[in-house]
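We just call them A, B, C and D in the order they show up, numbering each chain from 1.
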Amino acid sequence: MTAPAVDARRPTDDGRFGAYGGRFVPESLVPACDEVDRAFRAAWADPAFRSRLDEILTGYAGRPTPLTPAHRLSAELGITLLLKREDLMHTGSHKINNVLGQALLAQRMGRTRLIAETGAGQHGVATATAGALLGMATTVFMGQRDIERQALNVFRMRTLGAEVVPVHTGSRTLKDACTEALRHWVTAVADTYYCFGSVLGPHPYPWMVREFQRVIGDEARGQAAAALPAGTPDVVVACVGGGSNAAGTFAGFLDTPARLIGVEAEGGAALSHGTDGVLHGFRSKVLQNHEGQIAEPHSIAPGLDYPGVGPEHAYLADHGRARYVTVNDTEVVAAVHRLARAEGIICALESAHAVAWVLRAVTTGEVAPGATVLLTLSGRGDKDMATLMELT
Amino acid sequence: MNPLETHTRRVRDRGRKLLVPYLTGGLGAGWTDHVLAAAEAGADVVEIGLPFSDPMLDGPTIQRASDAALAAGATVDGILADVARIDPGVPMAAMTYANLVFRRGADRFCAALRDAGIAGLIVPDVPVDEVEPLSRAAAAEQLDLVLLVSPATPAERRVEIVKRGSGFVYTVSLMGTTGERPALPESAGALATALKQLTDLPVLLGFGVSSAAAARAAAEHADGVIVGSAVMRKVLAGATPAEAGGFLATLREALDRPDD
Amino acid sequence: MTAPAVDARRPTDDGRFGAYGGRFVPESLVPACDEVDRAFRAAWADPAFRSRLDEILTGYAGRPTPLTPAHRLSAELGITLLLKREDLMHTGSHKINNVLGQALLAQRMGRTRLIAETGAGQHGVATATAGALLGMATTVFMGQRDIERQALNVFRMRTLGAEVVPVHTGSRTLKDACTEALRHWVTAVADTYYCFGSVLGPHPYPWMVREFQRVIGDEARGQAAAALPAGTPDVVVACVGGGSNAAGTFAGFLDTPARLIGVEAEGGAALSHGTDGVLHGFRSKVLQNHEGQIAEPHSIAPGLDYPGVGPEHAYLADHGRARYVTVNDTEVVAAVHRLARAEGIICALESAHAVAWVLRAVTTGEVAPGATVLLTLSGRGDKDMATLMELT
Amino acid sequence: MNPLETHTRRVRDRGRKLLVPYLTGGLGAGWTDHVLAAAEAGADVVEIGLPFSDPMLDGPTIQRASDAALAAGATVDGILADVARIDPGVPMAAMTYANLVFRRGADRFCAALRDAGIAGLIVPDVPVDEVEPLSRAAAAEQLDLVLLVSPATPAERRVEIVKRGSGFVYTVSLMGTTGERPALPESAGALATALKQLTDLPVLLGFGVSSAAAARAAAEHADGVIVGSAVMRKVLAGATPAEAGGFLATLREALDRPDD
């Protein structure tokens, strides 16, 4: 099997992955996006920037993360399962990879303030962390409903010195927080940098965030080469909310024969159930009604509770280079417990979507006996304990 | 030249400052009475908002209006059907977000507007760089596609925008969302003046024009004003068409008598 | 300044660090302790065991941890502060270093079951994790009062498949859990391994746990050599509950001129306020009344809420090789917030004791301007958010 | 030979099985009446528990007794003062934990016991390897230091223990803490038999001897029994000295008439 010739290495200059992406923002934000684009290109080409980021990722945030062989679960399933351990990153998920990159970029651009949207609070905590580390004021927008559900992460953000602004509009969840953060950015572009939490938003964000997250895939590629006789895994799987951990992981394996699988939440599956649309500055697959009103997704995993998905994934899906599947809440909860008992790792509900798919795919034969599977465990489950406790 | 621009130019050339109120479509059963009353109060164009679930450029008042309309079951089709039944005597322009346009397809969307008797379209999250397919679709239906210039827009880019836009130039008075403000910033007038030097299109100022005084100040530099939240706050508070029209009449008055 | 000639590299064959240590357990447990001693000596001398442990620490648990320069806080304090980041370890603290070592040893000894005591739940979670990883049944004893205070960690343990046994005796906290675990061990020595959580208990535990934790100090020594012009820090500081993270850290610097500082909780300061005593199988400093009844300590940090301390620390204190100081709850809470805002790291309340001492020592001159300080951040603060929330 | 061991050997040599009840010191104002009643009911030695906050080898019953005594303000000094005031007519032995001994200092602790009229000492968390300083202190006060042998004790180690201990050999019947059990394990008798082949000291069985039947079974192999939780459960439940003594009398009876 050879990989289809899909080039998602970078989008077109106007930020297109095929038909997706672009920059659908108010005129007031276009120059700001342009500036981010120029600054990112310059920074990314600047060895000094790269090495500073590297130093922080390594000396502060905990990179590289191990690629852990899941010995007991592998034996139970009759496959070789390798876990890319983003759950070990500082603040508890892969989100910090991206945030540190963007915060350094913001600093390089002379910005003194970071803003971000957050749903579960993981991206908000990561942004607050980067703000504290670099001495930048941080404001995080969060839907009032999420603030109530995720009190712990709200407190973490505030402890880190960030301001958390409740959003009372719409469904009072992640999509509304994102909308509100964009509105706020319009009023503050001069000193403020908008730090998107996934491969979403207007160009250059989807591409830039993917680049900041590709460290997952690049590391995993090298680790898999050392761990596997074949050098590359048969299957690479990651959960997809906005799609940043998946995009970062896939980036390391696009040019290999590995099958790429993105796992969406049944109740928030923009790729599996969505249609073409424009939201939060980019064109992609979106959950919406026939007129284009955005739907409210539902997932037990707050980080997957988003009605859109990064444009690169829509592109990879169209070209068949990656396949997108869904699992439901019940499978996800079972997967958390199964992994915890087999390997001593309590993963995030988001990450458990990838685990749940593997568990199912082994029984359906989609993953053949003896196959090698590399799975990105995007985060740890501490934040989800209250949710799981309510279920038991 | 399309009907909307023909009209806006004619009004401007007559020396009259344009008054363009914004009204959220589908907000309440008799919402089109507000359109008629606005025209009667002296509006030169009526901007009709097609509510979207995630209005990224709108402040609290218009957000609330959109949410209320959607909660009451407003749809694009319903609003356009309502519009098709009225004739305010002045052109109407639709204001909405990209997703409602692209979901239907730009061609079909523009055709539907035209069928309903709408003459212009404003889509604030489709900047000039992304405007190509929509421009073509609008042109095919003889709709004017109004583009926005912001205080942040660099000089070269202004040229591009006024070239690609039609109907009028929507000058955003400040870096912010829609919503009432105590006064327009100084810079707004300067921006309008600069734009007038770049184009022969009527140049209107919008965002934050909330009072007769602000309208009068804006008209010193621009060819007219767009007024949204100030009207919608009254409508949301239960103002009748006559009452909302009364408010607009004070703006009309201020625009017509700049020296009072 | 040269280091006093103190040899704490290993205790005597009967487990004495000077006058401290030993094996004060019921006769029924003596053979079991002997067996652990023999097995540990053999394992520790066996390259295969060491490399298996190494592989798990690296490929599973997240070693090495970075030595993070605290740039902003250093600048504020006028010193160079380096943080040894045990908070990044799997499960959230240094406890896992020790537990993985002991669990592998238990497996090598043919044991099929792990038992442990826990207070805050960190050691319990670590033990449950090791049990899941190696497929060993795990039972954790926990005081009923702690079970109520630390519901989240109780749920984590159960999610990992461990049985959590409430202890209703005495003060219903850590010391009672430890006593109860020892009682239980008596009934089950044949198949059960007791996994102590700190440098406590009968010989060989204090020594063995120190050896399993010395990876902290050994890594830090090498990292400091690379990071500091002088090669070694002027001051090495760690919090002291039972004393395992401090002992592991100090192990790397005993033979350097570095001043070693152990920081106890004001309300649980066995070294600073305790007297000679025997508890849970070893002789050391203990908080007790004049007749020898054990006192109930109080600290805001549940992991420091223990009336004794590892015998090695009593020895180091007697010989002046390490100095032990206390900080109070108020200083500790302030330290959590200060570090969070300056560096984007929310540390455990336990670890914040070390931070609090540095903050104070800079103002008193105990740490001189320009000094280099290496501080072990033993764990992350997620477990403490509820406690901190109540205070704000 | 110290007084305790002289006594235990003499009883054993007379062909009488030793009955050694355990009573928690300081539990209730008239607690010493239980000591006297026990002696009257046929105890050969009375073991007096000096309660410790963290009794590592005790099961629930004696834990509860210790906690209750401490909560009522029991202290070592107070208990010893009480003891000094009675003469049960049989030797008394103190049972406690290492920390109470070492806190005071082994020498001073042993002297205080002797001053109170106590003849023996049992410290279950001081195994033979750690016994040296305590042995010396006890010897200096002519106290017998009773050591325990457990089912887990390897053969060579048993030799060492019976050599270093005095008074009697405390044979732990099972791997566990103190506390009542339905019956003694088979292995307990075998262990006692093996120990008797190693030493001339009286060999007593303790832990889990809860009934007359168990006492009788134990006495088939051992020179006597130690009975703790079964008595203390009754005391905790409010048994009078006479009632507790009545229970001990049934054990005495069973030991004296093995064939009934």
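Here is the rule we use: contacts are C-beta pairs under 8 Å (C-beta built on N, C-alpha and C of every residue); 3 or more make two chains touch, one makes a residue touch a chain.
Computed from a prediction, not measured in an experiment: that's the story for all the values here.
**Student:** Would you pick out the chains that touch subunit A and also touch subunit C?
**Tutor:** none
**Student:** Report the chain whose CA-based centre is farthest from the CA-based centre of subunit A.
**Tutor:** It is D.
**Student:** Measuring centre to centre with CA averages, how many angstrom lie between subunit C and subunit D?
**Tutor:** 38
**Student:** Quick one: report the Å distance separating subunit B from subunit C, using the average Cα coordinate of each chain.
**Tutor:** Here subunit B and subunit C have centroids separated by 67 Å.
**Student:** Taking the mean of the C-alpha atoms as each chain's centre, how many Å separate subunit B from subunit D?
**Tutor:** 97
**Student:** Among all residues of subunit C, which ones touch two or more of the remaining chains?
**Tutor:** Within subunit C, no residue touches at least two other chains.
**Student:** Which word fits how the chains touch one another: line, ring, star, complete or other?
**Tutor:** line
**Student:** In their complex, what parts of subunit D are in touch with subunit C?
**Tutor:** So the residues of subunit D in touch with subunit C come to 52-60, 63, 67, 70, 75-77, 97-104, 124-130, 147-154, 157, 161, 172, 175-177.
**Student:** What residues of subunit C sit close enough to touch subunit D in their complex?
**Tutor:** Against subunit D, subunit C makes touches at 14, 22-32, 169-170, 175-176, 179, 182-183, 186-190, 275-281, 283, 286, 288, 290-294.
**Student:** What part of subunit A is in contact with subunit C in the complex they form?
**Tutor:** 58-60, 62, 65-69, 72, 85, 87-90, 92, 128-133, 135, 151-152, 155-156, 159-161, 336-337, 340-346, 382, 385-386, 388-389
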